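Each structure below appears as structure tokens.
Shared chain: chain A. Partners: chain B in the first complex, chain C in the second.
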Partner chain A sequence: MVKREWIYAWALLLPAFVFLITFTHLPAVQTLINSLYTTPKGRRAAMFTGLGNYQQMLSDPVFLKAMVNSGIYALVTILASILLALAMALLVHRSFRGVGLMRMSFFTPTVLPLIAVANIWLFFYAPGFGLIDQIRVFFGLASANYAGQPDTALYAVAAVTIWKEAGFFMIFFLAALQTVPETLREAAAIEGCSRWTFFRRVTLPLIMPTTLFVSVNAVINAFRLVDHVFVMTKGGPDNASMLLLYYIFETGFRYWDTAYAGALTMVLIAILAAVGIGQFFLADKRVHYR
Partner chain B sequence: MMQDTALDRILMRSGGALLALLWFVPLAYAIWAAFHPAAFEARFDLTAPLTLGNFSAAWQQAPFARYFLNTFLLVAMILAAQLVLCTLAAFAFARLSFPGKSILFALILLQLLVMPDILLVENYKTMRALGLVDSILAIGLPYFASGFAIFLLRQTFMTIPKELDEAARIEGCSLLGVLWRVYVPLGKPAMLAFGLVSVSHHWNNFLWPLIITNSVETRPLTVGLSIFATTDSGTSWAVINAATLMTAAPLLLGFLLFQRQFVQSFMRAGIK
Partner chain C sequence: MQTSDPFIQIDNVRRAFENSIALDGVSVSFERGAFSVLLGPSGCGKSTLLRLIAGLDQPTAGVIWVEGKDVTALPPSGRDLSMVFQSYALFPHLSVAQNILFGLTVRRTAKADMSRRLAVVAQMMGLSAFLDRKPAQLSGGQQQRVALARAVISERPICLMDEPLSNLDAKLRAEMRVELRALQQKLRLTVIYVTHDQVEAMTMADKIIVMNAGRVDQVGTPEQIYTRPASTFTAGFIGTPPMALFDPVDLAGGPVPQVRQPHVIGLRPEDIHLSHSGPTARLTGVEYLGADRLISAQAGQTAFIMRTPASAPLPAPKFRFGWLAASASVFDATTGKRLPQYDFPTPSLAQKDTTHETA
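Moving on, here comes the complex of A and B:
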């Protein structure tokens, strides 16, 4: 028998689910299906190729380059932004004069549009008159174009991500540091424990769940944040800063190879799913569901 | 209490100040360039004259007024739709029991992982089929049902005492009446927090709007700015920096005025 409560519940859910299914679940399934076909061209309809698109990836140098780059980019941005975020939190978690300004300085990049941030940094990097180049010239070094050289472009892009993210992650560490009990600190002081030992043996283990949570976010962002690539490097020079999501965009909307773009999207979904599953099994949920 | 020696304190604070200063440099550099004539864009001279000329130049060289309007319409539309759709769904998940509840909730949580932002190709095809390509509605549609908002509001609604709910029903309130009179008022702080995050996220969103729009009438600020900044028409850095600051200004001002709320909302949004 269908209860009245059920009808109400389904009716309340219906509008949200219409949008959710139309723009998230169906497209995800459709992406998977289309990735098994060829891209229809003119009169030639899409043909089933099985794993053909996935095989093509293995011999696609741009894809392999994008994967390696995404890996380096993820590693660099995750490590640097987490270490910096923790350092920032430790520096500003006590209150003293000027601490508000410091926190503001760290957090402000978080609210700026990534595309605007990219413009600011491009100017910062600009060869000849950008601040970094001015400093180089001041010290007698040759002018350099960080965003335009193959060996530095990826790191120039990564630096922007780190700048934008560290302050965001800082607020989670700040919240975590507030939960370290003052009694532990007192006990440690009586034991004559050094500041470093206290940090390593007490603070660090206590904020471990936060570190894990921040890491998961950092991994996801490493694959999602590509806006600045559009302004700064366009994946170049010579694919030196090509990232997976940017390559999906190029394949899908510059070359209109939608089937191959679908297969690339499946790789991205697989990575994100692996991160999500990893978090599910690793995370101590009690800490976050207060 | 571990005693901080004076040296410790000085080291920590000067370290903090140095890092904070370093963090501020890129923004400060952009502000310098935007408020000075182009001749001083990379020359630091305290006597350099201040000017708003770069801002008016940017405003005239590209239809920023229209871009502002588009972005404003976009974020308002998305937030309104999200609040209505997600409040209804969150209420069902928090207070009603029905078959399929856990499967449906799992489907909601799935969106936290596979966001519409990465399903570009298929969503573009859907918009083309609906005849919506190059419309503000098309930029917003994929974000109307936000898994995150449903999750956040459900958590909030579950903390509201059931007695309030029952009392209202005894008074003769209908189900929607209870939602409107009890849950919505008590859920306001959560909605406000979500609102701040949603507005800043969609104000800053770039990739999907870039794909789905191709005219001045629909383009949001981020896309407009990227086009303005990459045209090789010899636009000076000073003007580009002015346009950049202009684009970020509303959020930046909001953040400076409501720092605490921003930080707390972003934190809530992060802790899913």
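Moving on, here comes the complex of A and C:
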């Protein structure tokens, strides 16, 4: 009897397993194996090099640049999008005329495809006639090419990510804020608690689970969302906006150095795993789950 | 109580919401050191009135005075009062100690002062062993004590309570009633207590304010409210079971007062007794309560309940009943207001006892 139940269970799980293993686990293992070999060329089969590909990274200036860029990009987009999302959520967590319209307009960037968003921002950044340049020129400043200058390209790309993500995270914060009981605010008001103190001592700790969830998402997105780099900068100028995932794409599918791309992918997975696990363990102590 | 200086004075306060009027011209006063209870059915405006006193809501019209000072426009923190909420409003992420000290912390009280007051209050409330726990790790009764401790530690003279016992089970509620009253007396707190539970009101109050449909129906001591209800509403609201309201025709043959205007006569269940003469009633039901029996009966058009000692014999299917003339309340049939000119001078407790004995 027990055995039949097991067969039944496995039969139910089988379709999911087939797809997961074929399209997720096998490629992942294959990538790991590939990263330990050289890239097969026409006349030379793949050779085992052990950690050779990983050693190569240490002397690859583009990889190092991409790592630094990814770090900055992650830091900027995570912090800014979470803070902005929280600020927007606090703004629309009230009732006033047009609050529905405001919530919708904050959320709109989320539903647009990132490629379309990138095109909108290309217009904002366009030197000469773009929105930002028009404002700059109006105030008598020199024309600037934010997406095309090495010192601003990374931040120009980061701004797009923030703009796109903040509205999405706002929804989570808004939902969390609405679970904080109104009587807590009233009890605090009677004690003479200022709005800022209440926010810091009560609201913020109570929405910590949401903040953790949002920040894990933000970290993942910081390494995952690179669609707009294709449209806006292609990693340039001079690798100024080169991000790790975009570099993996270039190495693997532009230069067809699949073994090296595999090794880079392993690095990306290691980073994401470390950050994700670390976040849960570190934050767990500070998060109050009801 | 009525004559001492009004500590808190509500002056013709009105609170209208978008499509309803919660309070319609309420004027009432609360004395210093008294336990005042706002009593009424849900939706009568009692909680709204409490929130106006707390400053959590603003009146549409009218003035609220505290110690002769107009506080109508002041924020809650400027009114020098504490409040206990029905939901307790404890901060779930803070420990018991942090919850109790929350107000003192935000007001930047000195550390030494805080720990001294915490020790005293925790001792008084029996919370000393739980100071490190989170609210979720406490029972309902303990959470209730934390909420009380938070109010007490502020050492503010006025304490507002919004149905604080309604989330407790019956046994705990009975214990807390006694404790609350003792605490109020010990600390000489001016308590304004909102409830729909008349037992809470009767057992704890110095003064009861009965509210109905956004207005004050009657103000008085529990005894005044019980023995001399000011209207048919209060008569029908206070008492379990409440006062029976008779059409005078149905009482013909008994000691009915001579009233020339259209009226109804109210009799408490314990004031009605079996009799050899008087109006007749038809027995419709019996409820056994241990010490007493509640006899449901019908006299003419009026259904009523009388209370007899459980040791007394059951009435016949058709029986005659009587009452002492002094125990009857007379109300105007159209306005429902009490007609005090028909009151006997003193409805004393001794008379009530003989009522029971003759039954």
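Just so it is clear, the second predicted complex is superposed on the first by the 277 of 290 C-alpha atoms of A that agree within 3 Å, B and C clash if a C-alpha of one lies under 4 Å from a C-alpha of the other, contacts with A are read in each partner's own complex, and residues count from 1 in each chain.
The rule is short, and it goes like this: contacts are C-beta pairs under 8 Å (C-beta built on N, C-alpha and C of every residue); 3 or more make two chains touch, one makes a residue touch a chain.
Please read these numbers as outputs of a predicted model, since none were measured by experiment.
Identify the partner contact of A:F230: answer first if only chain B is touched, second if only chain C is, both if each is, neither if none is.
First partner only.
On the A-aligned overlay, A:E186 touches which partner chain: chain B = first, chain C = second, or both, or neither?
In the superposition, A:E186 contacts both chain B and chain C.
Figure out whether A:L101 sits in contact with chain B (first) or chain C (second), or with both, or with neither.
In the superposition, A:L101 contacts chain B only.
Counting residues of chain A in contact, which comes out ahead: chain B or chain C?
Looking at chain B versus chain C, the one contacting more residues of chain A is B.
Is A:V202 contacted by the first partner chain B, the second partner chain C, both or neither?
Once the two structures are laid over each other on A, A:V202 reaches chain C alone.
Between chain B and chain C, whom does A:D60 touch in the aligned arrangement: first, second, both, or neither?
A:D60 contacts neither chain B nor chain C.
Check whether A:W121 is in contact with chain B, with chain C, with both or with neither, and answer first, second, both or neither.
In the superposed model, A:W121 contacts chain B only, not chain C.
With the two structures laid over each other on chain A, which partner does A:A273 touch: chain B (first), chain C (second), both, or neither?
Only chain B; A:A273 stays clear of chain C.
Mind sorting out which residues of chain A both chain B and chain C touch, each in its own complex?
In chain A, residues 186, 188-189, 193, 288 are touched by chain B and also by chain C.
Report the residues of chain B in contact with chain A in the complex, numbered from low to high.
That would be residues 1-3, 8, 12-13, 15-17, 19-21, 23-27, 29-30, 33, 41-42, 84-86, 88-89, 91-93, 96-99, 101, 104, 107-108, 110-126, 141-142, 144-145, 147, 150, 175, 200, 203-204, 206-207, 210-211, 221-222, 225-226, 229-230, 237, 240-241, 244-245, 247-248, 251-252, 254-256, 259, 262-263, 266-267, 270-272 of chain B.
Hey, which residues of chain A end up touching chain B in the complex?
3, 5-6, 8-10, 12-13, 15-20, 22-28, 30-31, 34, 87-88, 91-92, 96, 98-99, 101-102, 104-117, 119-121, 123-124, 126, 129-131, 134, 163, 167-168, 171-172, 175, 185-186, 188-189, 193, 195, 198, 213, 217, 224, 226-227, 230-231, 245, 248-249, 252-253, 258, 261-262, 265, 268-269, 272-273, 275-276, 288
Which bits of chain C are touching chain A when the two form their complex?
It comes out as residues 54-56, 75-77, 81-83, 85, 87, 89, 91-93, 102-103, 106-107, 136, 150, 154.
In the complex of these two chains, what residues of chain A are touching chain C?
Going by the criterion above, the answer is residues 181, 183-184, 186-194, 197, 201-202, 205-206, 288, 290.
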